[in-house]
Amino acid sequence: MIPRYSRPEMVAIWSPETRFRIWFEIEAHATTALAQLGVVPQEAADKVWELGTPATFDIDRIDEIERETKHDVIAFLTHLAEIVGPQARFVHQGMTSSDVLDTCLNVQLVRAADILLADIDAVLAALKRRAFEHKMTPTIGRSHGIHAEPVTFGLKLAQAYAEFARNRERLVGARREVATCAISGAVGTFANIDPRVEAYVAEQMGLEIEPISTQVIPRDRHAMFFATLGVIASSMERLAIEIRHLQRSEVLEAEEFFSEGQKGSSAMPHKRNPVLTENLTGLARMVRAYALPAMENVALWHERDISHSSVERMIGPDATVTLDFGLARLAGVVDKLLVYPQTMQKNLDRLGGLVHSQRVLLALTQKGASREDAYRLVQRNAMPVWRGEGDFLTLLKADPEVTRYLGDAEIEEQFDLGYHLKHVDTIFARVFGA
Amino acid sequence: MIPRYSRPEMVAIWSPETRFRIWFEIEAHATTALAQLGVVPQEAADKVWELGTPATFDIDRIDEIERETKHDVIAFLTHLAEIVGPQARFVHQGMTSSDVLDTCLNVQLVRAADILLADIDAVLAALKRRAFEHKMTPTIGRSHGIHAEPVTFGLKLAQAYAEFARNRERLVGARREVATCAISGAVGTFANIDPRVEAYVAEQMGLEIEPISTQVIPRDRHAMFFATLGVIASSMERLAIEIRHLQRSEVLEAEEFFSEGQKGSSAMPHKRNPVLTENLTGLARMVRAYALPAMENVALWHERDISHSSVERMIGPDATVTLDFGLARLAGVVDKLLVYPQTMQKNLDRLGGLVHSQRVLLALTQKGASREDAYRLVQRNAMPVWRGEGDFLTLLKADPEVTRYLGDAEIEEQFDLGYHLKHVDTIFARVFGA
Amino acid sequence: MIPRYSRPEMVAIWSPETRFRIWFEIEAHATTALAQLGVVPQEAADKVWELGTPATFDIDRIDEIERETKHDVIAFLTHLAEIVGPQARFVHQGMTSSDVLDTCLNVQLVRAADILLADIDAVLAALKRRAFEHKMTPTIGRSHGIHAEPVTFGLKLAQAYAEFARNRERLVGARREVATCAISGAVGTFANIDPRVEAYVAEQMGLEIEPISTQVIPRDRHAMFFATLGVIASSMERLAIEIRHLQRSEVLEAEEFFSEGQKGSSAMPHKRNPVLTENLTGLARMVRAYALPAMENVALWHERDISHSSVERMIGPDATVTLDFGLARLAGVVDKLLVYPQTMQKNLDRLGGLVHSQRVLLALTQKGASREDAYRLVQRNAMPVWRGEGDFLTLLKADPEVTRYLGDAEIEEQFDLGYHLKHVDTIFARVFGA
Amino acid sequence: MIPRYSRPEMVAIWSPETRFRIWFEIEAHATTALAQLGVVPQEAADKVWELGTPATFDIDRIDEIERETKHDVIAFLTHLAEIVGPQARFVHQGMTSSDVLDTCLNVQLVRAADILLADIDAVLAALKRRAFEHKMTPTIGRSHGIHAEPVTFGLKLAQAYAEFARNRERLVGARREVATCAISGAVGTFANIDPRVEAYVAEQMGLEIEPISTQVIPRDRHAMFFATLGVIASSMERLAIEIRHLQRSEVLEAEEFFSEGQKGSSAMPHKRNPVLTENLTGLARMVRAYALPAMENVALWHERDISHSSVERMIGPDATVTLDFGLARLAGVVDKLLVYPQTMQKNLDRLGGLVHSQRVLLALTQKGASREDAYRLVQRNAMPVWRGEGDFLTLLKADPEVTRYLGDAEIEEQFDLGYHLKHVDTIFARVFGA
């Protein structure tokens, strides 16, 4: 996470201010629950809420205490006691630091997931709008980077829409994975704290209770969360690379929006480079990489060790901030993408009709040619076209072995673009609903 | 995937025999659908089923054809034509190789997922049985590898149970991700094949239709599948490492079952090493590693490139066979684990009562000591015990600052083991149901 | 490692036959050394060599013994005793299994490295030959996929040559990392075996002694080895992607060799797809992925645990066989690459002279224009060309602000291709030597 | 990279101030070289140095310009022109942004490597001092976490020393990889700039010339750099995990230094947790993860794309700052490690003499027992000891099959600790020199 690739709302989730505020809420809700159970005085809970809610937690002061105690939660509690006074001794009763830390991390991840869901919604909205705009804009479909058969530009975007709709669903699942709360004490036995405290805090914080925790909330949940972000980032990369391909000089079927005043190159002023999508390609590599330490974090020793903590202090912000920035950028790129239907048509016509070869092949077999013969006939007329030595339609009409099966009109029929687009409606209905 | 770490049922999914059989089924179902639509003669479809169903596909012959054509599906279709005769020319009408290949891969992954689900069920069953067996077997809970407070061995296993129950749910989701079928032609437009063929084949093969494919089924699905296997492997690693810790000489609370005739070391005949769980630790690293190329596979160029194929030819078998082997091994390890409750008790008593320090701390604060004072009092009596210089209970009773708050009976009360285990039932009910 | 992507020589290194033969050599050399030291009878050593050298080790028999003992080296030694007779009891004296296993693994990796070095040499030879062939073949240089300024096709290959020359050097280093031998006993103290045995075996096997081993040879060595393979694979990917780009329909400056009889697509017979380089792209993902478990293998517990073993049984063959196959394929692709200089020239001319924009920019500043003014002038004449509305040279000559600084001849001078190629000799001398 | 795990010297390398200062040096040296070649006026170069050297570059102003131009180098040059005045138009003549950016990145990485080398030196110094301190401190060697045979604590540290000495050598190699300079213009052809400028700048900046660049310095160099950091981090993890094991309650042979005032647990005041080495374990996961995007960065498109840039903006600081922090922490941990020789001895005696089982085995075979018989005899006397039912020495003396081969004195001889330590000097000489 670096400022260059960060957006303030996501960054704020990971600020010390937010963290301490969440800690406060967890501790204060727990104190309320303890008071309801008669474990601590009600006035202690009241005082905590009364003095803690408006308080500004002094981060420098907390840091100072932590430098001495080398323990962040104790430092916070000590500072809270400075604000709340003697009643603070009823705070954190029977709890362990991880009750606060792990529940807080999950609150942060849930909030991050909510922002990411909004980001995906923006990507989806942009994709849908542009997909319908170009629903019937013909363009060449390419496999292996080689011209294959016609598709529409809307179909390309519809594919991306379907992919991001899946990603949305995955992210909803990943959010659910980490939306749990644990207030279960030093090794998760509730020895010193009633399970009802956990239930109360969970409800107040919008979380589910963690069925069984062992000082820590189990890290398979977080591994799944970050792995899911890695998959979403990979989809982001796919769309970014598609756009980079479309913008390359020889293709130029689409371009990232290029603002006035923007300079593409210090040396070559004519250049308009797909720098946003290249950037997204790099960011995807990072988000993907974070999935691995998250998985390595799962195997904590016994009831817990703290090796996961440094990893999460980094990838928590790094993965969510970077993906948020990337998705927002992607939504903007799609939204403002410059699309050039004329170039698409020009590229489509480039191969002298070769894109219709499969139709010719099928027509030949329908008329009784063996598959092998049909293949041979098509290929021997395709090769000269490929080498720039003629036009596929003309060559076919002149090949006596071909005309033995197909008349001129029948051959021409195979070159109709509409033929390829007849099911676009069907596919759009599948993707966007009827 | 190597024979040493393979089980035959999973290996069989990835054999050429299975692959060609699935290809045949896809092609034959598609021919049936085409016949129903009147595109090809019904007798062609009948003949394909009649002659293809009992046929043994000659893998060497297919390989031979592929060496010439450098194309595996064409090689198969050529061989099928050798079996079926001239009617074979109606097979594969309007389809593209990827229709067969991608649908086949998904059938294989779905079958692999089914085996893995059964594996997880075996792990769950073993964990549940042993968890209830040791529901109330006290053992020390450890954080940072340091004794913390008592838990039960059943709780350890219940945690693992809950984790694998989550993994089961994740795997069901991952199976759903890849349970799709695409028969959509060269670039996914259904130009030469009716979408109803896809619907028919999907239903026959137990799959959903892929809403939008582009010659290929999109690889975000497979990325999610393999990432999920990586998370499951990480949970496997966690449990394996727990057992390795329990078996180390100084702890020895549990041991892998050690069969007669087994030799632990060529040099040190007394040794009984946790080699199975060490092995699982290594296997987990492999399954986790496969998630990455799967994610890199997502960003195919345009409507498809074939860079994913070599990756999947490897990680398809490697990840599923390795995880299957690992989970089966894990289920056996748990099932036959030698558990030593007496050693657990001995270790629990090791620290001279220090595990009760938090209770003493709480009792002190309940009686009016400030948190800071209570902490100081507990720590100054704990440190000598830690150094082996005395017993915690005795020292506390002899500390006048402590006895200012707590009488002897009150101090002793804090040393009751039952106190820690009072919520084990609650937790078991959460994990295993009421 | 799968047969499809394997070459026999590398596969053979990892066969049980090879492994047992290496084990035999290590054990037999050690016995010789022990005899020289007077620890075991000379006739024992002689008998081992005499009966073991011509012996065919019965893999099924060894497997059978291992199934009972669950220990591979003991199984081998038991089988060796069946061959050698009672003198076999002097074999393996004071050694531990890992002495054999780890030294054997290193022998295998060293042999694998030697094959990979030969592979790189083949890649280098092909690159050099083709680089000189096309040393002066002009082609457009592209940054961001956008036309930049002219280069030559030879320069592209020279860059790849320099990169693979670096990879060669890295591989020499990686080979040196793993070329060590340990015969140091159960925990590396030489308690039961004289260090001179290790020195003797090391020399006989072409290895260095491991300065300090702890039952195992430390795995940072192997991590470095596999990480290096990952870097080499990434270079392989770079060159593969370059070729894939050059072959795409709109570019078509080069093509993979396309053999007679090869079929590009079951549906589209005209297609000639860069399937070999796409395949290499996928293989690179695999080799890269193996670096990670190799790094996770470093942190073995105490003097050793065996978690590394399952990883190495897989990635040992998988990484070396896959990279060997990939590099050999790459050498062939480069060697037989179809290069189309005419298309290169056509593409070079595509942008109506825009590739000369920087030269114009510089000429303007040389004549006194401020950098900002020059940039603005060039950009305003470049934009219409970019949109296909005119020719750069013509527009510049018609711009009075431009002609204030440069006359017609001076403008034309900036459009000279030779200007860009004047240092090709210099660069070739740097890369290939004078 | 987060402040919590950062040290100022390494952070400073990645500050905007440092970056702009390096840019300035590169540009100014290049201007000097251009002046020497007569391409630009000498007074321009002089003015640049004169006004630029003492200048404070205004980062906010540069950011402001970049927001408009969306190009960082142009923004810097514009700001430099504000400082230097009209002579600034001679700066950057014939260069491209990447000439500055890539050379700057390499300068930063070289400086980072120098700090890391100093870090490793500190780790080595601490390891060496403690290794000699405990050269002859006996401790049990463990394989699989199970007691094996005696070693010394000094040997453990000597192993780590040898490993970090290798890492030092690797880092020197990695530093060399990235110590190159490219000033070769838009596509690396030196079209607009004389290669002598590059040679001059390289020399001034302490770098080698990049033999062939293509706008960018090839990224295989950086991949190797970051992969090397990943390997070093893995060694850091190994040593950290060793210490974590030694500190666990049941072992307690060593402890991280525990300062006054430090609190181990908010709930359990007696706890002294190995939090520093747990932290290092997590940090290692991160540094390792960064190797992957660095490898993915290698395959840039054609002469360059900019996808590597966002990755490097993150992993450049993240990997070097995190590893620097980790190594410095590791040096401190080793330096101040609390070592408990008495506990080592106690643990060594724990298994009732079983650690001598191999010696007994060897003695039996030396006296004529077959290997299989000897193994059986040792194992049957070892098993009761393992179960806590007796003492190995006593049992052996009472076993008539054993005493058939060995007398009492001969048996006792096998239990001598000195026997195991006789080659410690040899090993120390290998590791630290004679």
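Should a chain be cited, it is by its letter among A, B, C and D, assigned in written order, with residues numbered from 1 in that chain.
What we mean here is this: a contact is a pair of C-beta atoms (placed from the backbone, for glycine too) under 8 Å apart; a residue touches a chain by one contact, two chains touch by 3 or more.
Each chain and its UniProt protein: A, B, C, D = Adenylosuccinate lyase.
This one's a predicted model, so the numbers in the text were calculated from it and none came from an experiment.
Under the touch definition stated at the top, chain A and chain D share these contacting partners: B, C. Ranking C-D and B-C by contacting C-beta pairs places C-D first. Chain B and chain C, compared by their mean Cα positions, are separated by 32 Å. Per-chain CA centroids place chain C at a distance of 24 Å from chain D. Multi-chain contact residues, meaning those touching two or more other chains, occur in chain A at positions 77, 142-145, 148-149, 185-186, 192, 244-245, 263-265, 267-268, 273, 275, 278, 281, 288, 292, 296, 301, 305-306, 358.
On the side of chain B, the complex with chain C involves touching residues 1-2, 4-5, 68-71, 73-74, 77, 92, 95-97, 185-186, 192, 244, 259, 261-268, 273, 275, 278-279, 281-283, 285-286, 288-290, 292-293, 296-297, 301, 305-311, 313-315, 317-318, 322. The touching residues of chain C, counted against chain A in their complex, run 140, 142-149, 244-245, 247-251, 263-265, 267-275, 278, 292, 296, 347, 350-351, 354, 357-358, 361, 375, 378-379, 382-383, 385-386. On the side of chain C, the complex with chain D involves touching residues 77-78, 81, 86, 88-89, 93-94, 141-145, 148-151, 155-156, 158-159, 162-163, 166-167, 170, 173, 177, 185-192, 195, 209, 211-212, 214-215, 218, 220-221, 223-224, 227-228, 230-231, 233-235, 237-238, 240-242, 245, 281, 284, 288, 291-292, 295-296, 298-306, 358-359, 362, 365, 370-372, 419-424, 426-427, 430-431.
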